[in-house]
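Down below is the structure, laid out as structure tokens.
Chain nomenclature is as follows: A, B and C, assigned in order of appearance, with residue numbering initiated at 1 for each chain independently.
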Amino acid sequence: MLINGIAVLLDGFAYGALLFLMSVGLSITLGLMGFVNLAHMAIAMLGGYALISGMSMLGWSFFPALLLAIVLTSLFGVVLERGLFRFVYGAPPLAQVLLTVGALFMIAAAATYIWGPGLQAVTIPEFLQGRLRIGPFGFSRYRLFLLVVGLAVLVLLQLGMVRTRFGAMVRASVDDQDVARSLGIPVDRVFMGAFAVGSALAALGGALSVQAMGLDTSFGLKYLVLALLIVVLGGAGSIMGTFLSSMLIGIVIIAGAYYVPAMGAFIIYLVMIVVLTLRPTGLRSVRRRHP
Amino acid sequence: MNGGAEYLREQRRWHWAEIVFWLLVPAAWFVFPGYLVLGTQILIAALFALSLDLVMGYAGIVTLGHAAFFGIGAYTAGKLGQQGWTEPLSGLFIAAAAAAFIAALTARLVCRGNDLSRLMITLGLGMLLYEVANKAASLTGGLDGMLDIVIAPLFGTFEFDMWGRTAYVYSAVCLFLGFLLARHLVRQPFGLALHAVRLNPLRSGAIGIDNTRALSRIYILSAAMAGVAGGLLAQTNQFVAIDVLSFQRSADVATMLIIGGLGQLYGGLVGATGFLVAQDSLAAVNPVYWQFWLGLVLILVVLFVRGGVVAVVRRMAQRLGRRMQRRQP
Amino acid sequence: MSPASTAMQSADAATSPPAAGASARVVLETRKLCLSFGALQVTRNVDFQLRAGERHALIGSNGAGKSTLVNLLAGALQPQSGDILLEGERINKLAPFQRVRRGLVRTFQITALFGEMTPLDSVALAVCQANGAGLSFVGASAAHAGAVDEAAEILRTVGLLEHARDETRFMAYGHQRLLEIALALACRPRVLLLDEPAAGVPMAESRRLFQTLAELPDELTILLIEHDMKLVFQFASRISVLAEGALLAQGTPQEIARDERVRQSYLGHSHA
């Protein structure tokens, strides 16, 4: 019972780590520009497809293909941002929602055209396969790997935000865009950079989730609601908040699937409604609205 | 000053273009007898889009989960037909009531909070209902859909025939009545209040309007209207597929509305017509292409077509009118 | 003509309207009202009374907390401690729209109007709401028509009738400020909080504004935030001075003009 419980917990944390990678970009763009990007998970999906193509078409091994996927997808994200999204930054939320939904549809359709609608799989390197034995417990190596990656990214992001100049500019822009601009901070460039990082992380998450969750062209929509939920719960613009809510959601989903399989996805929406009723601004809100 | 009554009468007057529009509906019945099934679908989608216009276009509530109410209406009407309550009009009424009930339960959640939490909640509620319908397969038929729905002839005489003749008239009348209600509503103080809340919620509160209550009211009303549309679908098709609750349906109706234009009442009607006619011709060819072009059209409309097709037509008509005035000696 | 408008005629503020007697009842008051934003205390222990029929001006330098006080009174901000009483009733927990329904109405320093609506529709809506029919759509036609008539009358009073059908966002700034007042009047206020009504209004248009203010009914209790000292001394029967969130002085215009602390800080020497 305990062993199962710990396995479920690890599974939940690993899942949460994946969700964190994929959602943190959404949180930053929402907190930074108030921009609702419903195409974000489609970008994550492209990371997964890029990994698969890199390995099957170019014949590269896992990690080089992963790196390629991250770079290419991040580039795509920036092109999308500069070429399309920035035109609706000041627009009402409905315009942003519909524009990004349009982008989501186009990306999903293109993906179906290029890779077909079927489920994709990937071969992970040997040392990530199987289980690692620690005493009486056996842990899935891949799950541990996901957890390590998630924590590493969290630490790097936090350090980046606090220690680097770019991080300071991001924090200033999240806090008050107008003041940041008047201080000479190139807010548009900051945003482009944040978008690139967010897309890169989403691609990383998407690529890593192929093994964990499988990949098909409905990915972009399926996980969108989860990502939005995580961002709203964790508070837009807060990295730590996104991490915590990702972990929470990850555990709830895995535990729910394990202990109460009849409920299915039902449980997560119920949790969401309960939390949003009690705390409409999420658990930790960083972006201060102008009074 | 007694101009008040005259002022209002002027606002309520029917423009000749509107009359022409509504004459087209029965005209289609005569001119396209082979396309009445598609026509009924258009009418139902138009009613659904109209309901969305009330919440999004007039009240400014961004929702991607309105299909929830469409689906509730569909399943309720379907269930009644399946279980022996075959009278269509009362079935429709109950479907609307069911949708309104769920809306009343969730209105507080949706109408408080900011745009993002509203988007989340409406999206989440929609997905929640989809999951419920999926899991409760014994009740809803799950992924296979609800079958064996029997609907008695309308008023005891008009059978729902294969060619969709009765269905078309039935749906057309419902749409028209719904439209009349919406048209009346937006010209009443309630309509002004909604407009005010959308434009400046701080100010509307400062003139004594209870924003939450105003939004809740339109939300519930709109849900009832969407429920009627769903019920019509169930009754005219005598089948309910689970996609009535899907995100795709919510996105589709939002697309229809944005293409036609928000806040103008006719936007949803025009958008629904264009969307379904296009979908009927194109989607059958290749569903992937359809999704791609749909996404593209959505992006183009958001970027370039301010206020949708109806607004564009209106502006063109104004310009034309001014040009003709100048030509007159 | 009310004493206030007679005072308007003379450039000199030698005469000012009679102060409301101490026996007049208190319609709006705060007790030990406190609010801080983080470490910054914006409202310190403010004990403030507004008496029936008063023309009360609230002055102070920028950042003194005047608008904050109005926001607290109107319900846009919540105090951290202290009470706000309207006609003796504690209204701390009431939302802004509920306070409006009890007769406490405010205008905004930064114009907050319904940009895409016309003045006629905006004011008519406020009138409908004041009649309790703001959200009605069943059998409301007669009431609506009556509200439109009343709205036209209010617009005529503030001098906006010829612009009644313009779109608000295209109106001249001075006219928008007048519309602010018209909207507030439509709510049938018993206590009116005017937050810098003439702010940013060019000289030419502000005369109309001042005239409107002077012609407001005597039973209406008015609290006015204003920087223009000439207007303040002509209009107000009582003045409160706010400094760094606290009430520095309170009294009749003459008392305030003579008050050393106030003179040093705000008035300079032009009103000696």
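As a convention for this text, contacts are C-beta pairs under 8 Å (C-beta built on N, C-alpha and C of every residue); 3 or more make two chains touch, one makes a residue touch a chain.
This one's a predicted model, so the numbers in the text were calculated from it and none came from an experiment.
A.B. asks: Going by average Cα coordinates, which chain is farthest removed from chain C?
C.D. replies: A
A.B. asks: Need the central chain here, defined by C-alpha centroid distance to the all-chain C-alpha centroid.
C.D. replies: B
A.B. asks: Averaged over CA atoms, how far is the centre of chain A from the centre of chain C? Could you give it in whole Å?
C.D. replies: That gives a centre separation of 50 Å.
A.B. asks: Using mean C-alpha positions as chain centres, tell me how far chain A is from chain B in Å, no decimals.
C.D. replies: 34
A.B. asks: If you average the CA atoms of chain B and of chain C, how many Å lie between those two points?
C.D. replies: One centre to the other, that is 43 Å.
A.B. asks: Residue numbers of chain C touching chain B in their complex, please.
C.D. replies: Residues 74, 76, 95-97, 100-101, 105-106, 108, 112-117, 120-122, 124-126, 128-130, 133-137, 140-141, 143-149, 152-153, 156, 183, 186-187 of chain C touch chain B in their complex.
A.B. asks: Give every residue of chain A touching chain B within the complex, in rising order.
C.D. replies: 30, 36, 84, 87-88, 91, 93-95, 97-99, 101-110, 112-113, 221, 225, 228-229, 232, 236, 262-266, 269-270, 272-273, 276-277, 280-281, 289
A.B. asks: Would you tell me which residues of chain B are touching chain A in their complex?
C.D. replies: By the definition above, chain B touches chain A via 56, 62, 64, 109, 112-117, 119-121, 123-125, 127-128, 131-132, 134-135, 247, 251, 254-255, 258, 262, 288-289, 291-292, 294-299, 301-303.
A.B. asks: In the complex formed with chain C, which residues of chain B make contact?
C.D. replies: Against chain C, chain B makes touches at 1-5, 7-8, 184-185, 188-193, 195-196, 199-200, 202-211, 213-214, 217.
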